[in-house]
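What follows is a set of structures to go through.
Note that subunit A is present in both complexes that follow, paired respectively with subunit B and with subunit C.
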Partner chain A sequence: MSSSKKVYTKDEWQRKLNEVKIRKSDMNRLVMNYFVTEGYVEAAEKFYKETGTEPDMDLGTITDRMEVRKAIQCGNVQDAIEKVNDLNPEILDTNPQLFFHLQQQRLIELIRSGKVEEALEFAQEELAPRGEENHEFLQELERTVALLAFEDTSSCPVGDLLDVSQRQKTASELNAAILTSQSHEKDPKLPGLLKMLIWVQKQLDEKVSYPRINDFATAALEDPAT
Partner chain B sequence: MPASTGWGRPEDLVENLSSMDTTARLKALRDVKNQIIGNKTKKLSYIKLGAVPRVVEILASDAEIPLLVQSAAAVGSFACGNEAGVKAVLDSGVLPHLLKMLSFGDNKQVVEACARTLKMIFQSSLAPRSEMLVGQRMELLLNLLNSSNENVAEVAAHVLARCCESVEHQQAIVDAGGMQRLVTLLSGTIRRREAALDGLAALVKNNPQLSLQLAAMEQGRPLALIIKFVKDKIPRTRFLACMCLANISRSCPFCYPQEWDIRTSMLAVIVKLLEEPGQVGEESPIVLADIVANNEELQRAAYKFDAIVKLSALLQRESLPTKQLEGILMALAELCSRLEESRRQLLDQDPGKNAQAAIISALSHPSESVRVASCTCIKSLSRSVKNLRTTLSDERLVFPLFKLLDDPSPVVQVAALSAVSNVVLDFTPHKSVFFQCGGVSQLIQLSRSMDPMLRLNAVWALRNLLYLADMAVKEKVISELTVSTLTSLIHDPEEMVQEQALAFVRNLVYGSVDSVQQVFAEESAILIAVERQLCIACRPEVCTQGVYVLSNIAAGNELHKEAVMSFVAPVSQEGRNPSPILRFLQDMSNPQLRVAAVWCVMNLSYPDSPGAVTRVARLRESGIEQQLQKMVDDPCLDVKDRVKTALEQFTGLANV
Partner chain C sequence: MVAPANNSANVVADALTLYDFGPKRAADDDEMEEEEEAPTHINTKRSLQFLVVSVDKLSAKYTGDGKHANDVGAIQGNRPAPVRRLLYYFEIYIKDRGNRGTISIGFTDEHFKTTRQPGWDPNTYGYHGDDGYLYYRGNGHGEPFGSTFQTGDTVGAGINYSSQEIFFTLNGKLVGSRHKDVKCPLYPSVGMHSPNERVDINFGQNPFVFNIEALVHEEREKLRMEIEALHLPLSISHSVVRSYLLHYAYQETLHAFDATSGSMVPAVLLNNQVNGDKMIEEESYAFEHRKKLRQLIRNGDINGAIAQLEIWYPQLLQDETLRIKFLLDCQQFIELIKVGSLEAAVKHAQEKLANLMGVGLYQTLLQDCIALLAYEHPKESPVGHLLMLGQREAVADAINSAILITDPSLPSSRSSPQSTLEKLLRQLTACHTEKWKLNGGQGEMFRLHRVLRGKEGPW
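Up next is the complex of A and B:
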């Protein structure tokens, strides 16, 4: 089958690639979009100085957003909540799921630091009413409270809640909500482009044999399969 | 102090809101704000503790920026997402203070916080909307549209949009120059143009004149811009553009070139937006319903875009926001209103039972508008005979649906009645279910209601219940309804009710001789009422149903035919009289009435019955044959065919 496909050598392919003109300024905007969306303020500032590419949002708001993110990553959920409320009270008032996840994260932090009584009281007072309003929340709440039942949380079935990745997940959700409230797209454009590249390569695979990019970090062209 | 929160006792916090010490006041304010944001339970308990007036007091009399910002934010949060909060906030007289800050405030943070709070208040129907559209307030709102702060401009557009409750409100905004200003905002930043789209959509909703005005403005330039936004990369912009254009199309169809193509391309966009998270996904279904309303071709296109599959999947999600649930049901109702394939797809899906279960459970939803939407959806689904025979005659549906006939809200009752009307129109073996659950008694109760809409729909449902019903059903219904109620419904002050009552009698007497016999009960009271109504009624629709009653009776035995004859060809001392039926045969306004009248004559002159010869002679004397001869070339084919048959019967019997 594959022998019937047309084969492009690396040279031919490279020539074709060179024919595609991409404006430098577009590339720069793509990079800047990544920096500001992901919150790399310093990188964005340096990049602006070097290339003159205007960031598509106020860098001051990025700093606020990053402080919120950092607070969650350090386990200071209440601090993060207060910061978001100062930024824009609408975010948590109109987004019950996000609000629940923050409260859940707070409960997780209390359990992590061994404050059992406090954790139970918090779950009862703050989280239980949300569970009554929403069945999905109740299930998540039950899963979280289950952490208290295990002596050794490292091997328990709900131990993943104590992972760093759980903090990351909560932080990302909040980050996305802040971006949306600022009318900014919540994901950078770059990953979308990469997904498109993967899709296009898959489409191409069926038709021709060509130098694929397998390693996206280096974007090196492989030898075409013959 | 509860260890978990680190906050003070609620009572103390509330007390501290009025502390003389500024630092303590600010701390209490921040604490209250951070406790209530996102937490409905806390909002309600602080409202009970009397926190709202104290917070408003700070906004009214303090001057320090942090205090003003925090108090505006707290007021906004109290008003966010719960009506009790909005009420408490409005009762405490916050509105003038907010507007004052918005007019004269020079601090960006304070102005933004006040603007947000205003927006929260105006999301509720409790907000004093018409008060905003007079004098200085209207001027203020329009000025805020031009604010250099886009948060403020956005709120102004939002508040204007929420104030468009009636044509008068819309016109007042346009007269003050609102449409022009919103159009200018269309070319601004993302948030400004989204605010503008929101405002414009509200201005043109259900308003043909303003729809036309917007479409024709500046040689169509703003319109072209809105059309461009349908394909924008930001989902919310796409959504708002679709909403705006759907409102234009709904109130003024075909008012600009290529409207049709644009509606079709909008459809593809909106179907994709259904799965968007947040507000866009929540509100897209209702816009979809607007786009396809009353249009079979677009409904078919939506079907091809998999709209039913997507809506049905969404419907089965847990804890949907009320607005989204309502929208999904309305969209499904529109999509299934005409197309059998859509209905089938919704009910037959694998696992199809769940979509159906979700629609049924929406019948008992706490929100009135969801209950109405689910009735409307069932009404559409029940337009299919196949569904009636199977899925929809299910007890699990019938019981909760009939329960809604008792709903405290008349709007729900009317919606339930019109669904019931279709569901009882039945060829099903499940008729007994309607009696078992007390639904029929309920319908009869409602047919005596003071509300004409309820009476109309109840009689309509009863009429459908009797369609092709067997004797047992008819007897049961008539004995419970009573002859005297039926005669007063025939003479109801509302013509629409008269029509349905006569149609009810028409179905009652259709079929066997026993059925016909029903109108002769209690000294022929029903027949007399029908005949009296036929003598005085003007509306052709009313007369048509009445004439069909006579026609169906004339299909009975000799006695029945004679009873009709004494009305159709009355004999008096002076000999022959013109027949009252002549008036209907001559009515050129409505062919249906002529068809009914000819049917009646045909049944009376049906040759295979003993008294036919005498009857034909009498009909002839009353001038009916002469009239029929004038009708051999009637413009309506239906009339023409029947006239031919009737005349043949006349000639056949004359030659015996």
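Up next is the complex of A and C:
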């Protein structure tokens, strides 16, 4: 099928790319924002030293936030909850969903370490009452308790709950809530801009044919589709 | 004059352009972008029949008989609706619906006849108060749209440039919208057609009844959610940042980043960089040399940097255009000023810089450097930015680029090397600009530095 779409050759497109002005200071700021939001304190300090780019938040508060994160990633959920409450008790008070996810993570850790009785007691006393208030919580609770029914959790349908990525998910949710409570954006800007690039390339596809960047790791220009 | 003979010439030309857009001047970019002027009052320069306009040009009253198709009294705003924004909007207040309530509100092009109702002719849109119909496309047929207008009503008309729609409101509530099928400039317009009809027009000089900020917010949120929902592998940002640190040889940061990465992100999430390896190899080229030179320049040790370059890359200092040499000589001059060694600075200028006076490419930087001598407190002077850390970084970046280009594995045609991050940001901006142009230059322009400063939503 022939299309009347305009086609930009690589050379034509390259000229357009060359016209774009990107400031070094803007790129430095993006990188600094990534370090700070993702919690790379030492990298942020060194980057400040090497480039003079000011961090957009107090580096001291990052350390506290990272300790909370580390606690979750190591499976010490109770420890993380205490640390968050030390930081700002309102964070958990005002986020019932987050609090539920933390309790759920705690249950997962109990099951992981084989403490069946303790896990059941915890589920019944702490989690079940919350499930009654919220249908979504109840389903999550049932899914989690189902872990107990399988001897070999590696092949069971809810086995993903025991995966590292589940800890990662909970840790990220908590991290975002702490950032929001510090009136800082919860996500770094860089992935947002990269998603924007996916979006705008898709939008432009509808109107013209041009060299896309498909592989963001190399940023190589593809040949335009004709 | 010296012609750019090889790649390193481009690199330094880039550095000098970079200088033109350096920290001092860059701050003014936003202001330099001319603000589009919005309509502020009724255009009384057009011949207006069958109505009278108030002295402040914000109210109108119908004075005709309202008996024929061509004795409409219509008015337009003094300027077309501005287009380089997300939305344009204005309102009218129906002071008196008159005998028949034949008041209309909408948008018209520059050829619009002021004795016709908006919506009757091509390139015009009008929401009519007598029947509540919307008229557009100039085929004379309206379609049922909303309520009729009563005395005391506030009616609004707007353009959403992002969705390319014309929309209307009544007493603060959205009535509906239609696709805007014309790209020409559109003027806010009002038509009246029966005795005693009177309207006040609000071009934004007073608060609107309709919550336009909420609509702007809603539009931005919609877009933000759409973009946020897209899938991006977790490892990509990490790899883009890492490759940036390699590219510019920020060794200490890279070291700290790598040291913590392991404990921050599970290794499984980082190991799927399929094509990243080749990139890392490219970015790692001559890392130790680039790192050392950056450190020397950052510490202001320009002689040390020149000495190392003479050992590692003598060709860069001897290339016929002497551009790298020039940048370093300028920086050396700046460093001497910085520590207050004025005599040494003057001597250095006479020996190394004087013979370059008058060479086109070098003029701006050279003149600014020399100008440092004229001020008792150069730091507070208009050229004070030269004494800041950013200038050292710009010089270090130029040398970094010049070295990267000597990588024999690169295609020889390649001009100034760019980090992955820079390439992605260029593509992002170019795509947005292209999309905006295809949209007839309507809607908000994407400006990266504004997005970064959080002044706008997704844009």
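Operating definition for what follows: the second predicted complex is superposed on the first by the 222 of 226 C-alpha atoms of A that agree within 3 Å, B and C clash if a C-alpha of one lies under 4 Å from a C-alpha of the other, contacts with A are read in each partner's own complex, and residues count from 1 in each chain.
As a working rule, contacts are C-beta pairs under 8 Å (C-beta built on N, C-alpha and C of every residue); 3 or more make two chains touch, one makes a residue touch a chain.
On a predicted model such as this, the values are computed, not experimentally measured, just so you know.
Taken together through their common subunit A, the two structures put subunit B and subunit C in a clash. Touch criterion met: A:I22 reaches subunit C, while subunit B stays clear of it.
When subunit B and subunit C are set side by side, the one touching more residues of subunit A is C.
Applying the stated contact rule after C-alpha superposition, one finds that A:P129 touches subunit B and leaves subunit C untouched.
Contacts of A:K195 after superposition: subunit C is touched, whereas subunit B is not reached. By the touch criterion defined above, A:I81 reaches subunit B but does not reach subunit C. Once chain A of one complex is fitted onto chain A of the other, the partner contacts of A:E118 are limited to subunit B, with no touch recorded for subunit C. Contacts of A:K10 after superposition on the shared chain: neither subunit B nor subunit C is touched. When both complexes are aligned on chain A, the segment of subunit C among 203-211, 257-265, 311-319 or 401-409 whose C-alpha atoms clash with subunit B is 203-211. Common to the subunit B and subunit C contact sets on subunit A are residues 185. Interface residues of subunit C facing subunit A in the complex, by the touch rule stated above, are 18, 21, 23, 26, 226-228, 230, 232, 236-237, 239-241, 243-245, 250-253, 255-257, 259-260, 263-264, 266, 268-269, 273-276, 278-279, 294, 298, 388-390, 393-394, 397, 419-435, 438, 448-449, 451-452, 454, 458.
Of all the residues in subunit A, the ones that touch subunit B in their complex are 78, 81-82, 85, 88-90, 92-96, 99, 110, 117-119, 121-122, 125-126, 129, 133-136, 180, 183, 185.
Put simply, subunit A touches subunit C in their complex at residues 13, 16-17, 19-27, 29-31, 33-35, 38-43, 45-47, 49-52, 70, 73, 164-165, 168, 185, 188-201, 203-204, 207-208, 210, 213, 215-219, 221.
Taken together, the subunit B residues at the contact with subunit A in this complex read 2-6, 30, 33-34, 37-41, 73, 76-77, 80-81, 116, 120, 190-191, 194, 234, 278, 318-319.
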